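Below, subunit A partners subunit B and then partners subunit C, in two separate complexes.
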Partner chain A sequence: MQYFFNWDVVWRATDKLAYGLVLGLGMATFALVVGSVIGLASALVLTSPKLKALHRPVRWYVEIIRNSPLLVLVFFVYFGLPQAGIRGLDNIGSFVLTLTLYAGAYMTEVFRGGLASIPARYIESGMAIGLSGRQCFFFVTLPVMFRIVLPSLTNNLISLFKDTALASAIAVPELTHTARWINVQTFQVVEAWTSVTVLYLVVSYLIAFVLRRVERRYAVIR
Partner chain B sequence: MMTLFQPGHFFYEVWIARGVLLSGLAITVASAASIIAIGLSVGILGGLCLTYAARPIRWVMRAYVDVVRGTPVLVLIFFVFYGTAIIGIDVSPFVAGVLAIGGFCVAHTAETVRGALESIPQAQSDAAKAIGLGFWGRLVHALGPQAVRRALPPWINTAVEMVKGTTLLSLIGVVDLLLAAQQAVSRSFMAMEFYGACLVVYVVICLGISQLGALVERRLAYIRY
Partner chain C sequence: MSTTAASANGHDGSLVLSARDIHKRFGDVEVLKGIDIDVAKGEVVALIGASGSGKTTFLRCVNMLEEYQAGTIRVGGEPIGYHEEGGRRLRLPEATVVRQRADIGMVFQSFNLFPHLTARANIMLGLTKVRGKSKAEAGAIADRWLERVGLSDRKDHYPYQLSGGQQQRVAIARAVSMDPRLVLFDEVTSALDPELVGEVLTVMQDLAKSGMTMLVVSHEMLFVSSIATRVVFMDGGRIAEQGPPSEILKNPKSERLRSFLGRFHGVLR
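Right after this comes the complex of A and B.
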């Protein structure tokens, strides 16, 4: 079989590709930020002896989400929830909701680990200079924890960005969906998928490169 | 009691679709097993290449691992699925999908193996050299057993990711558990029930493997360096 390369099909779809890229990055960033809030709250619940009653439901949330395939969750939320009367989410909204809940479970583990690995002397020093428990939490625990978990945040952002590829399954016009569109419209298979692969790679490594510098700037002195 | 198995009830619809659901589950298990087998066999070799091979081979392997790990699995699957068709190789969606996810598993396994091997203190290798072991002797008797203990917990995580990844096969038309459930949904319109049940099956399988991993991790926790 003869195959003729024609990279024009990619250049002609530049606007679609750019839109897909921005949409993917946007969904991943939103999921990371809101997921971090969920994760931090869950991690605090899990480390608090006072909230023992909530430990079990939070653990269930984390374990179930971490052990279920994202695609099944996406279908469950997109096709299942409207059946239960929860309507009003379009495909982008329902994917973002799913990805955020998914990220929240992973971020819980990240923050739990971060909280556990704060050296005790930091908190002791905080107490020693007379900070109250609340002040100690906001001015010592939180900042130190964020510095510790920064590398995991980077990794999670990259893997969430790659996970946005699954949104194409419910026709969200992100990168993978655009590649499929080019593929189906033009049959220039190699061009479509190579260009999208390169875009994913370049963006992932760019995120890693930029955020590694930020990490170095805020590296913890242990 | 009888009403549970009347048309329109979830149990009835499951019973009607039992054939395709069970064969979907079989496809899911078979694909996960093949992916893990590919990943393990080629991945260990790849990990050895990353650690010990001559520079050009190591560079090629490194490029492969970095490219594959930086790309979404779904893109890899579509690439292999449509790409093989274009270069005139006629493979089934199942084979294309398993090769794509298998290639992904190879990259992750290779990286895990490399990390495990490199984290073993130099002294271990030196000691093995001192008692006269050659390269393979060192690998099999000194470094290998220690590397396995270190690589197993993260690798079991990879195995869980692979089981979760098999759901992507449904997007290229392999009738795995998810696509079987989807077909049942399109007949019964019971999206929540079928996707929910599907979720339960996947969680049970993955949680089982995760728990196994946690058990292994606890058993190996006595090893300290």
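Right after this comes the complex of A and C.
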């Protein structure tokens, strides 16, 4: 049996592919931003002796997420939560919630490492000029930590963007889902999967390229 | 010999620092065993002694980077870190300690410039956030100090773009720009390459001449002998001997000081 290439099927789906791409990027960015807030809060809890009572629940959150396949978590939230009486999330909302919690768990470890790697002498010199503990945190610890973890943030954004492919499993119309749609509509298997592979590749590479420049701009720690 | 009448050295008699019977323990080890020291306004007091003698620890107690278990340190007459209440020794509220630190400058061995801020911004941070000055005002003060330490052309450089000597000069400018009552120098040239030591000492000399009250831990004996108004020799957590540099460095009384100074043979005559 001979295979006939027909790239037209891709061009005709441009609008769907573009929508899928933007949706994937949007979901990944949202997960990274909100996940970073969750991760920072969790990391602060874990590094605070005063909040010892919260260490265990936070650890459980991180461990459960990090030791489960993302796809399973996606199904669990999408199919499981409504059964448990938590409704009101469509498939996109459900996936974004899952991806955000997932990002939060990974960012917890990133920020915890970032906080731990800030030499105490920077905090001390902040104290020595009369900064309060809070001021030291906001004007020294946070900005220094941000610069330390920037490369991890870049990697996480790219990972999260690629992870959005899993949303196709619950029919979120992102890139992978669109490829499958082209595939079943036209049977042009090669065109469908080549086009999204190239799109994932190019976009991931572009994110890395842009953010490496940002990293260089902020790379002031030696 | 616990204190020296500073006025005898030709200084304005008002005391900037006065420490009485300071004891400090790290666990079971007592590292300060009763330090008494007075520093008058405009004095430059050098703390010398072998490592482990407690010089740096004492310096860090003065601005409460270390807690101390007994005794009273006063800066400008105000007790630092602790106060007595109904016969009990209590730590002052954190806000009070924070305010007190702002009036005591400190320069560290390892510079400790904020790595994410330029030289100028390093100096401005305390001026704006602690002293409440406007950006413009803080910038002007920073520029003035950067000029004084000879780094006007490096003001927009980040710490990693500066040599050790340049970083330390910025760190000194950062400390003194806050207009502190007293500046503590903790072995500020020990981490520097030998050829960079001079530029930092020159800046300190300039400050000393301008009447800055300074407490300096240093191993630079030549420097100590040239700028210190008084030298304090610490040994095993106590002050073993003190006096003007000419006396202490040239006619040491105790055997310990003689043997300590012997290591600097050739530097001192």
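Following the convention adopted for this analysis, the second predicted complex is superposed on the first by the 221 of 222 C-alpha atoms of A that agree within 3 Å, B and C clash if a C-alpha of one lies under 4 Å from a C-alpha of the other, contacts with A are read in each partner's own complex, and residues count from 1 in each chain.
The definition used in the following text is that contacts are C-beta pairs under 8 Å (C-beta built on N, C-alpha and C of every residue); 3 or more make two chains touch, one makes a residue touch a chain.
Note that the coordinates shown come from a computational prediction; the quantities given were computed from them, not determined experimentally.
The larger set of touched subunit A residues comes from B, when the choice is between subunit B and subunit C.
By the document's definition of touching, of the two partners only subunit C reaches A:Arg121; subunit B does not. After overlaying the two complexes on the shared chain, residue contacts for A:Leu201 are found with subunit B alone; subunit C is out of touch.
Legend: residue contacts after superposition of the two complexes on their common chain; A:Ala53 is shown touching neither subunit B nor subunit C.
Using the contact criterion defined above for the overlaid structures, shared-chain residue A:Arg147 touches subunit C, although it does not reach subunit B.
By the touch criterion stated above, A:Ile129 is placed in contact with subunit C alone, subunit B being left untouched. Using the contact criterion defined above for the overlaid structures, shared-chain residue A:Ile64 touches subunit B, although it does not reach subunit C. Shared contact residues of subunit A with subunit B and subunit C: none. Of all residues in subunit A, those touching subunit C in their complex are 121-122, 124-133, 135, 139-140, 143-144, 147, 218, 220-222. Residues 63, 65, 94-95, 98-99, 101-106, 108, 110, 112-116, 125-126, 129-130, 158-160, 171, 174-175, 178 of subunit C are the ones touching subunit A in the complex. Those residues of subunit B that touch subunit A in the complex are listed here as 67, 70-75, 78-79, 82-83, 85-88, 160, 163-168, 170-171, 178, 182, 185, 189-192, 195-196, 198-199, 202-203, 206-207, 210. Note for the complex: subunit A touches subunit B at residues 1, 3, 63-64, 66-73, 75-76, 79-84, 162-163, 165-166, 168-169, 176, 179-180, 183, 189-190, 193-194, 196-197, 200-201, 204-205.
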